[in-house]
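Provided herewith is a single structure, encoded as structure tokens, for subsequent inquiry.
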Amino acid sequence: MSHRPEPRSTRRLALTISILSLAVFLANASGCGSGENTPAPAVKSDSESGAKAKTAGTAGESKAATEEEEEAAAKPFVLGDLLEPFTPPSLEDVDRTAEWIDRPVLSGAEILRKKQQDKGPPTVTAEQALKLKNDYPKNKENNDIILNSVGRLAPADGAGVDFDATFVRHVSGDLKSTNPIMISSITEFEYQSLAGFGYLGFDQELNYFGSKDSIVSWQMSKDHLIDKIVLRDDLTWSDGRPITAHDVKFTFQVIMSEAVSPPAVRQGIDQLKWVEAYDDRTIVFFHKAALATNTTNIGIPVLPKHIYEKTIAADPTLARSAEHSRLEDHPVVGGAYELVRRERNQEHVVRRRESYYMHNGKQVRPKPNLNEVRVKVIEDVNTALVALRAGQIEQVELRPEQWVSRTNDDEFYARNTKVTALEWTSFHFDWNCGTPYFSDKRVRHAMSWAFDYDELLNTICRGLYEQSRGNFHPTSWAFPKAGPTPFRQDLNKAEDLLDAAGWKDSDGDGIRDKRIDGRLVPFEFTMLTYQSETGIQTATLMKECLSKIGIICNVKPTEFTVLTDSQQKHKFDAAMGGWGAGTDPDSNSNLYMTNEGRNYGQYSNAQIDELFLQGRREFDRAKRAEIYGQIHNILWDDQPYTWLFCRNSFYAFNNKLRGYNFCPTGPYNFDPGIFGLFKPSASR
Amino acid sequence: MLPAPDTIETTRPIDQSPGFWRDAWRHFRRRKLSMIALCYVVFLCLVALFAPLIAGTKPIVCKYKGQIYFPFMGYYLRTWENPVFFQDRFRGEYPKPLAEKDPESWAIWPLVYQDPYRRIRENEWPGRAGNPVSIEGKPSSLNWLGTNQQGFDVFAQMVHGTQIALSVGFMSMGIAAAIGICFGALAGYFGGWIDTILSRVIELVMCIPTLVLILALVALLNKVSNYHLMVIVGITGWTGIARLTRAEFLKLKQMEFVTAARAMGAGWPRIMFRHVLRNALAPVLVPITFGIADAILIESGLSYLGFGASPPNPSWGTLLHSGRSAIEEMWWLILFPGLAIFFTVLAYNLIGEGLQEATDPRLRQAAH
Amino acid sequence: MVHYLIRRLLLGIFTLLLITFVVYALIRHMPGTPLTTDPAMMNPSRMPSPEDIERRAKLYGLDKPWHIAYFIWLGNTLQGDLGNSIPKNNAPVTRLIAERVPATLMLSVTSLLLTYLLSIPIGLWATVKSGSFAERVVSTALYMLYSMPAFVAALYLQLLFYSRLGWLPLFGMRSDNYETLSASAQLWDLFKHALLPVICFTYGSLAYYSRFIYANMQETVRQDYVRTARAKGVPPARVIWHHAFRNTLIPLVTLMGLTLPSLLGGAVILEQIFSWPGMGRLYFEAIGQRDYETIMGLTLMFSILTLGGQLLADVLYAIVDPRVTYN
């Protein structure tokens, strides 16, 4: 046998390959790359006349000549091109016609401190409270005692606070971006609460106010269409330049530029018609319509204009260019803490900056308690708990199983304590009203009657949660005065309702069925659920309950992406879901209004649609409460969801920490949030 | 000089050769350890077959309203459980409704009254407490091997999960071995452009991420069973076996016995599968036997990552991973499935060893 | 041989194109896009408008049909631009991968070397002592190791060495004060952090490899030439090592070729437990988030390694065994 390969075959092969490669290069020539960074003239921000600014349109065309096809990424950056052209009136005109109403400008820490003082002195000292064992839910008192005493904020003058303390936190997802308008997950949100400049906050009861640390005054026009904010004059970026109203306006325009793609912040801000900076300190927000939800829309994260106006045209994605990458790791911040270290997928560290609370040598703001906050990324919750027990990290969000089983022993309490607080996150089964199974209200009621809530709450949820009483939480102002009573399992009622709806076992195989369009359809459906333990267990319990009354439910734990995709396309029978609470009850409108984006179950009720629209336009709190109460009761009657339970937050903290408090969306979202935490100085 | 015919002793008639497999079985029987392993596997098969009789909440046989029924069949297929129990609103439980609705009924119950799919409630069996949950679910007289976080009995789950444990391995490895050996043998034996094409196919399948295939499949199905997953594992896992087989065939096709067989006129399938393959099996047997045992661990890994079979899935692997969050407190969730997996791995490997030695005539000689 | 190599390389390029095409087709047909779980959709109080959703899809080229998008990706890749990861805030894929390569290599190369260094002696020793009580015990112990899943071992080791003894760190790759340490102290720090992950990575394959070697050796030591060598008086060690072991090298080479891609594959669960910034976790997340760019970048890398591994194995066959020829 010859050892030399046939020369002809090799040549033939080489020819084939070369032709193929040529084809590929041709395809490349006709296709379009993502484009190199071409230098472009700096973007001119719009003139005071408000005309839409255009960059030199040549910026796009000056790209590599091989690319003929236009791709969206190669589109020239135009600042604020999503805005309708608008000429803002002069400041005198605005002041003359507005009939200003003052809005509150407060300090979150002061509000909370006063609230705590009004409660009276704590029943035990913090040291004594830390020795208690928190055996919630068996005994709810210890939890309250601990929160009441350990959660006391430090006095306003900072007495007893160790200002050099470091706080080591835990998060399970890495910080993806330090850019304020690229917030996309909880970790970024928490980072921005430390390092970002903000002027709007809300307290424990979710009431909004202007932050005294940032603004001087906040006024709203009588017709609710205009808001005016006057910033303080002692605000500085971490590079020394002052924070001005122009930064706010610039950021607004950046967010409303088509070439920029902020993951989350555009929503709500696009309800603003215009934002105008009349001088260095005065900002006026013009709203498109007079709605009660306008307040939340004026909270815009702020970028330093003097930095980004030079760099954004070259790279509207704010992430790809070399300069933007450098800024990612060395950002210019306006908040109290600046980034000093960032190791991806491991940790990031922020340190208090003096230029936040000192101005021209004088202290102008309360000094933040903690010197440094180290945020460690540990994806595995068990590992995080082991690290907490050993004292290596000082705060962990606990899973329910961990609350019940791994945080009760002496070794845990030697260094740590744990607390729980109400959260308005609720879970439910979502019935797709577009399927033949769940289009009938009686069937949905039957589902709610069939479920074994006792087993769910006592066994799966270990007694840690409360049963849900509908869409709004009983502690929310939107909850109706005569609210519904929660369901209890009643299989007989469920079976009667199913019989009434026409689902009977006509062919004697033990499974209910119904004749639809001439075909005998058995009652067998698929329930999609999260891949979390609680989700799977709850859905399995539902399967068990339904099999007792002749319905087959197939539980399918689904990847999050597929779950979301199926729900958005309405391609599911039933799904288990959960929602966190928004600060305004109107945020639920996209869940229940006909054809709204998050109305996955295709529920439709004209009355609900009308009521939500009314609620938006009503400004009186009492009247709004009535409207939302009505909504709540109608929803309960329709049962588009089977509401299950409301979840608590569970946190474990190191014994050295004080000053943590909770609001219905967690411990760090509200004002003061993380700024309330401190470590007492040794002498105390 | 030939002896005279009448002085030839009557010899025993020559026994017909027992045949290759008979012979192999005889040799296999002589290895004690392999026989013990085989008995263990047979025992597991029996447990898998008669699982509802060992642990279940449906009576094996009962008399209700004058008729004899076999409700336990409902564990195999839902329609085998007679619909009369649904019409009379038994609600899936038997002890109390049987007695209440027909005082003259009687029933023979499985060995252990526990269910792998749900928690036994308080007083479901008159006078018996319900299953404890979470860390209180220690092994006890009611729950021999304890309960999992949700209160499902571990013993019942392990018994009903035996069927899955046995079959997933054979299924996935069976498919993988069949495809892999075929591809590898063809590629190695023929060489040339057949080898080129088949090797490219092997590389193609090797490079496609298994996870992507599993996700794509799971997204399509309404009800994912362990068998779907194992078919995927088999279809994507044959590449290693193919490469090993190909390497052996590349080496062995030069041997003299191949040339001899070809000279005798044997066709290529015969040469490949009857002559060469037997000699090429040694390196392939190890991945196969490990792979059978590995299938259980793969299944548990998948169910942990969330792509497992539709719950409730009483398999050893699911139990193992459910113990993860309370590894110190709920040791029984790790210990018992872990022991079962260990013994099964051991058994399969001992059988594999025995098989190798029984089928390879060379190995029957002592090594020294 | 040279012609064979050239042919293989050309074929490799072709196979690579085919692989990337098939994988791209697969992931584009899976339900969901990188924007499905976009945080814009997750915020309960704010809902993006349909125009906004479309705008974003267009911005990222997601409105194009998949076969066009494939060629765009191919064109970019050939120019050296692997694209940007949409779910990870437009981070360039090359940077995402490069960040994790050292960590993954540190774990897998060490583990691979350890595996071979340990399993070859064990396998050979088992061959020599085949059937003896000691060999049975060792084999059983190895099976026990094999049947213990990685997370059980990891958690128990963590509990022992971190919680009880405090000898080794719990998670991560470096200590907090890594920068301040001297070079030798840095090495020691890395060693301490890598020790538990490497152990967990390695112990499972010990049983597999040593049994593999054992099974192959069982066949080889019964060959006639081995009997001859023994009869000639060759010392037993030399018989095993010099004569017998060499002839089991072909399957071993195959195995090595098959494990080359796993060098950069990482292990999803172990990386999560030890918070080790490796590739396994990146790949897993990318698939879950439908991060097409990252998936393609990683697939390309793994495919190149796989094809390279197979080519290396095939070449080694010809070197190791003169009976193997390619023509």
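Order of writing sets the labels: A, B and C. Residues in every chain begin at 1.
The definition used in the following text is that a contact is a pair of C-beta atoms (placed from the backbone, for glycine too) under 8 Å apart; a residue touches a chain by one contact, two chains touch by 3 or more.
Keep in mind that what you see is a predicted model, and the values were worked out from it rather than measured.
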Checklist entry - Along touching chains only, what is the step distance from subunit B to subunit C? => result 1
Item to check | More contacts between chains, A-B or A-C | outcome: A-C
Checklist outcome for this item: The chain whose C-alpha centroid lies farthest from that of subunit A is chain B
Checklist entry - Any idea how many Å lie between the Cα centroids of subunit B and subunit C? => result 27
Item to check | Centre-to-centre distance between subunit C and subunit A (centres being mean Cα positions), rounded to whole Å | outcome: 36
Checklist outcome for this item: Between the Cα centroids of subunit A and subunit B the separation in whole angstrom comes to 46
Checklist entry - Of all the residues in subunit A, which ones touch at least 2 other chains? => result 382, 559, 562
Item to check | Shared-contact residues (touching 2 or more other chains) in subunit C | outcome: 11, 14, 30-31, 155, 159, 327
Checklist entry - What are the residue numbers in subunit B that touch two or more other chains? => result 215, 219, 305, 324, 327-328
Checklist entry - Across the complex, what residues on subunit C touch subunit A? => result 3-4, 6-7, 10-11, 13-14, 17, 30-33, 36-50, 52, 55-56, 58-61, 68, 71-72, 74-76, 78-79, 81, 83-84, 88-92, 99-100, 155, 158-159, 162-163, 166, 170-174, 176, 272-275, 277, 281, 288-290, 325, 327
Item to check | Partner subunit A, residues of subunit B touching it in the complex | outcome: 78-79, 81, 83, 85-87, 89, 91-92, 117-119, 121, 133-135, 149-151, 215, 218-219, 222-224, 305-308, 310-312, 322, 324-330
Next on the checklist: Using the touch definition from the top, list the residues of subunit A that touch subunit B in their complex.
Outcome noted: 381-382, 399, 401-402, 404-406, 455, 459-460, 462, 491, 495, 505, 508-511, 526, 531, 533, 536-537, 539-540, 543-544, 547-550, 552, 554-559, 562
Item to check | Contact footprint of subunit C on subunit B as seen in their complex | outcome: 33, 191-192, 196, 199-200, 202-204, 206-209, 211-213, 215-216, 219, 239-240, 243-244, 247-248, 250-251, 254, 282-283, 285-287, 290, 293, 297, 300-301, 304-305, 320-321, 324, 327-328, 334, 338, 341-342, 344-346, 349, 353, 356-357, 360, 362-363, 365, 367
Item to check | In the complex, subunit C residues that touch subunit B | outcome: 11, 14-15, 18-19, 22-23, 26-27, 29-31, 127, 130-131, 136, 140, 143-144, 146-149, 151-152, 155-156, 159, 207-208, 211-212, 215-216, 218-219, 221-223, 250-251, 253-255, 257-258, 261, 268-269, 283-284, 287, 295, 299, 302-303, 306-307, 310, 313, 317, 321, 323-324, 326-327
